[in-house]
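We just call them A, B, C, D, E and F in the order they show up, numbering each chain from 1.
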Amino acid sequence: MELTALTLARLNAASTATLTTVLFKRGFRNVFMQGLSPLNSAAARFVAPAFTLRYIPAREDLDGLKAFDDRRHPQRVAVEECPAGHVLVMDSRGDPQAASSGNLLVTRLMKRGCAAVITDGGFRDSPEIAALGFPAFHQRPSAPTNLIRHHAVDLQQPIACGGVAVYPGDVLVGDAEGVVVIPQHLADEVAEEAYRQTMYEDWVNERILAGEGLFGLYPLTDATQQQAYAAWAGSQSTRYPHL
Amino acid sequence: MELTALTLARLNAASTATLTTVLFKRGFRNVFMQGLSPLNSAAARFVAPAFTLRYIPAREDLDGLKAFDDRRHPQRVAVEECPAGHVLVMDSRGDPQAASSGNLLVTRLMKRGCAAVITDGGFRDSPEIAALGFPAFHQRPSAPTNLIRHHAVDLQQPIACGGVAVYPGDVLVGDAEGVVVIPQHLADEVAEEAYRQTMYEDWVNERILAGEGLFGLYPLTDATQQQAYAAWAGSQSTRYPHL
Amino acid sequence: MELTALTLARLNAASTATLTTVLFKRGFRNVFMQGLSPLNSAAARFVAPAFTLRYIPAREDLDGLKAFDDRRHPQRVAVEECPAGHVLVMDSRGDPQAASSGNLLVTRLMKRGCAAVITDGGFRDSPEIAALGFPAFHQRPSAPTNLIRHHAVDLQQPIACGGVAVYPGDVLVGDAEGVVVIPQHLADEVAEEAYRQTMYEDWVNERILAGEGLFGLYPLTDATQQQAYAAWAGSQSTRYPHL
Amino acid sequence: MELTALTLARLNAASTATLTTVLFKRGFRNVFMQGLSPLNSAAARFVAPAFTLRYIPAREDLDGLKAFDDRRHPQRVAVEECPAGHVLVMDSRGDPQAASSGNLLVTRLMKRGCAAVITDGGFRDSPEIAALGFPAFHQRPSAPTNLIRHHAVDLQQPIACGGVAVYPGDVLVGDAEGVVVIPQHLADEVAEEAYRQTMYEDWVNERILAGEGLFGLYPLTDATQQQAYAAWAGSQSTRYPHL
Amino acid sequence: MELTALTLARLNAASTATLTTVLFKRGFRNVFMQGLSPLNSAAARFVAPAFTLRYIPAREDLDGLKAFDDRRHPQRVAVEECPAGHVLVMDSRGDPQAASSGNLLVTRLMKRGCAAVITDGGFRDSPEIAALGFPAFHQRPSAPTNLIRHHAVDLQQPIACGGVAVYPGDVLVGDAEGVVVIPQHLADEVAEEAYRQTMYEDWVNERILAGEGLFGLYPLTDATQQQAYAAWAGSQSTRYPHL
Amino acid sequence: MELTALTLARLNAASTATLTTVLFKRGFRNVFMQGLSPLNSAAARFVAPAFTLRYIPAREDLDGLKAFDDRRHPQRVAVEECPAGHVLVMDSRGDPQAASSGNLLVTRLMKRGCAAVITDGGFRDSPEIAALGFPAFHQRPSAPTNLIRHHAVDLQQPIACGGVAVYPGDVLVGDAEGVVVIPQHLADEVAEEAYRQTMYEDWVNERILAGEGLFGLYPLTDATQQQAYAAWAGSQSTRYPHL
């Protein structure tokens, strides 16, 4: 399933915080990857479907440096096959004691047109990755080479990342706060509601900066405020073209 | 109890590190909030009495999004009632898996003249809060909406935050390192001693930068150094006007 | 044992990530200090032999503020005796709840010509230390005074730091990613191989930025790529003067 | 609100595991206290309404041994005022580094007819408490006296215990597995459904021990099995007198 | 691959401790499942090939109680298809906050002739499972129903359990200390060496109980002790029939 | 310094809980080893001076199985040289991922007349050690051989164990709850006070079992109760012969 341009545009305008609220309304409580942060907070924003890679613990007889000579090694295959516009998401069992990947592989992903890269472990060469300006999220920097603790085992299987289920094709959105996972079949409706919610919260923010209080405004329970918002919202088509 | 202008000025000149030492001399070992950091290290400095809010774990039947329609919801009441010049301190049980608060509420606190906001959980909209230039401290960013894990239960009760007891009215001081809690009745004497200690350590710092060694200087056990310090200190009334 | 100028130059050109790979080839899996980061990522790079200080938990009758009056206090002795060009490494049992050291001591180390300072606990006065431009690594900022939790017990003993064994004289290398420990007797050979590996990875990086794929290039299993690399490497003596 | 004899009897027959399922059907996901276990697994079973005590971190000037001379000290008041048939539940912020209580206080609770005692910290005198045969749950044994880390602050407020919200009057059920919290207003309906579920699972257990497979049996989707169960269930009034 | 009767007999005589030593000699450092313990230490001993089940985090729209109505649900399929003589090993991501399984399913495994069951999360109905006398290992008891946190996703894939890689068919050995994983292709040679090592350590134990010291005995570096052992070992064919 | 028979007898009658209280009165807050428990709670009681062994992380080139061939290996020296009547205390950095020691070494300690053995890591062969009836305390069972993670580095140095400072010669007391560390120079006075406190608490326990309340009794603030206690205490010389 392709993301439509409209859904992409709407999600690009929504924060991960707003998206968690919209998903909570639909009963989803566990959609934000816990404990991950962008290596470069100025290059954190992305919207993309997930392409998954799963690690299990390394085993000394299988995971020597020669393992990478095999062109079928799932980590290398992932980097060469993750489709453009997609985000490579790695289940590293939350273990940052050895790297999930490094700068050379992340640069290759970027060059291939991928949208972002995520691990719930750590990246090595983290200063170089941060300098790429490519969205990358992890737990903490980790210099040790991948094979010391990780064995890449399969691609495009449902995984855990940051404590959240990620199914291939799920729509991930990242910003400087972190990453949220949207089940694929809900992407369009979540995008629409999040876009409207963003417009509303932008207005609330302006009202608060103008000195107004929360009550009646946030949530919008006051009738006068409801009218004020309706009036304002009706004239925002330029600022919010994706309504 | 109001903070006097003198105490406020003195505490504004002291680091959290110095304050922990002054409190340790009085037998206090646990006054620094563990694991918290400012969202914006250039906007971390504050001195303010504590106004407290306590969370317990959410319960699904009580903590739906409708909960915020109630104007008596303690989180919203806290934001509207925390007095100007005070810091809102939230006991989130050290749980950053859902947000303690977000940008709209923090902006409202700022507009109302509050001094700072602290949680031992996490803030959502953390990039926006960081951009406010308003002192805010937490454990880590947390996009998920508050109600997923937190139930605001009461105001102005003694709480735990970052492993430290906080009683309403305790004087909190923040800087780029973190937050220290001063029992209210000790604020004046701690401020005075910390101010003097700051002056002394500034002098030590200059001596070290000039090439001197630690022995006799820090601590000030050498008689010659004691005289040198006394001489220097006697001429610093411009630089240290709050002696 | 002195570090030769050549080994120093080579290690200065290698990243901690590359060094973990070179050490892994020799069977070392645990050489990267886990969970530590530089206070100032722009001032993280250093290469230096280790001078060690060990802490055990404080005991109230031994660790009052008067403890520092004793000129034999190991923490103060460490700061005055760590040789120029060396890095002071502190085993703080991974406990950042009170400071391992503060700005005045770190400044003194810098003035004495030491290369860097490391603790697996935390530094107090962390904003001032970050501003020094002196390589310093820790777990997180920690304002509380040292004696609240730490008792300096001995110098120049083998220690643990960040989960890694550090023997006095081991060669430590730091960069913005963290710190790697090289057993002293391997410093020369590790430096040479890491320097070559750095040259190779620089070339790979250029090829990837030029649009090439990983297979055959990284690792270098393709004969054509091997020739291309040999040709390129043969002409790099200016860029890599320490071959 | 009193627990009816019928609800009490039904809950006494249900395991904590079954109760979490019945509550999950009503949307409750977080009702089992995490990480707590009985000191004596042969004396773990209880059903009782909650009486709550809240601790915050100790402060050295307030929490000396003289604190217990005050008859209004909330910990001692709790032990003397927790009603017979109730369970004293302590919010110790999940901190077992000092005791939440010890044998003398637990013995007094037992003598006063209380039903059980719970902390998410630890008990001291744990071997003696285990020998009492009185239901007591904690995280781990903890010899250090209470005041070293805990300050009893209030009674009968909503609290957190083991990561679960506990409101005064909530109905707690304990067995050798742990403790589940039932919101007070749901106690009767949860008791009824759990009792029926227990009867059903007892039957399933017999069928499995007789060699039958899971499919159609558990869950009960097979029509033949449904009839078999209906027939069996119709004749169990002696064994299950509280239907 | 079937386990031979000889290998089975030898492994049944070896402790998990001895097996880790034999595997360490072959370069394996990570073969013991960390943090798991038997529910019943008197019923912990087993030797069996692994049959694997993998969980990822639950998602509210997929993991309601109706999920178990589907006979293809991997957890239920696992329980009905794990071959007799095999151990069912569950990758629960080390999360004991909801159950990996409960008594009814474990009883069914036992009835079907399976050898043991392992999760790195927790079992519900843990007192009943402990009473079965069937080898079961977990992290801690966990009453909440499986679906609250776990989604069974696939069978017979390589997994992580207790921080160790488990490939289907690997030979697992359990005792009251825990569980060790032997790569399938090494089972025979590890069994032989472990059996001999067990015999040797039994003899050492007798010597120590007789008052001898460690030096020369353990390890066996003393020539006289070597002769004594050789003499003893030559006459043990009755006690050690599987040499 | 030798422990006198009187001090030994008194400490043998006191619980670790009582000892923490007596030490707290003298300003000691951190004397109970956190997170350790006896392998056999029926064989936990001991009183003994500490003999210390320190581990740092293993390094692959130093810590192969051949390391034990060296008779100067500190772990083996410790087992052969820890004096009779002493407790061997191991600083394992709180790491139970590989064993601190196993059954053969612990049996040798027992045979040599040592009083107990403690690690803040884990023992292998834990079921066999539990069966010895010899006081042994650890964090959790750990089958992997010592050298995988631990390098024994020195003897009789001050160490950390379970978060507590242990100086050689400090007096350790263990019971089923855990282990308390008494600074050597305080052993006599702590023993005396703890013995009296034990007598008092035994009386309180009897009064509570007889139905009395806490107020005035515990602490003993009521004049009538004080007289009652004085009368009772005056006649207890048989039951408490070490007053």
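The working rule: a contact is a pair of C-beta atoms (placed from the backbone, for glycine too) under 8 Å apart; a residue touches a chain by one contact, two chains touch by 3 or more.
Bear in mind that the values here come from a model prediction, so they are computed numbers and not experimental data.
Centroid distances built from C-alpha atoms place A farthest away from chain F. Chain E is reached from chain A by a rotation of 180°, derived from superposing Cα atoms (nearest 5).
Taking each chain's centre as the mean of its C-alpha atoms, chain C lies 40 Å from chain E. The distance from the centre of chain A to the centre of chain F, each centre being the mean of the chain's C-alpha atoms, comes to 50 Å. Separating the centre of chain B from that of chain C, both taken as means of CA atoms, is a distance of 32 Å. Residue numbers of chain E whose C-beta contacts span two or more other chains: 29.
Taken as a contact graph, the chains fit none of the simple arrangements: neither line, ring, star nor complete graph.
Annotation, chain-chain contacts: A-B, A-C, A-E, B-C, B-D, C-F, D-E, D-F, E-F (touch as defined at the top). Contact residues of chain D toward chain B in the complex are 26-30, 56-61, 93, 151, 153-154, 157-160, 163-165, 183.
By the touch rule above, chain D contacts chain F in their complex via residues 65, 68-69, 71, 76, 79-80, 96-97, 99, 102-105, 107-108, 111, 124-127, 140-145, 147-148. Those residues of chain D that touch chain E in the shared complex are 15-17, 19-21, 24-25, 29, 31-32, 34-35, 37, 41, 175-178, 180, 201, 204-205, 208-209, 211, 213-215, 218-219, 221.
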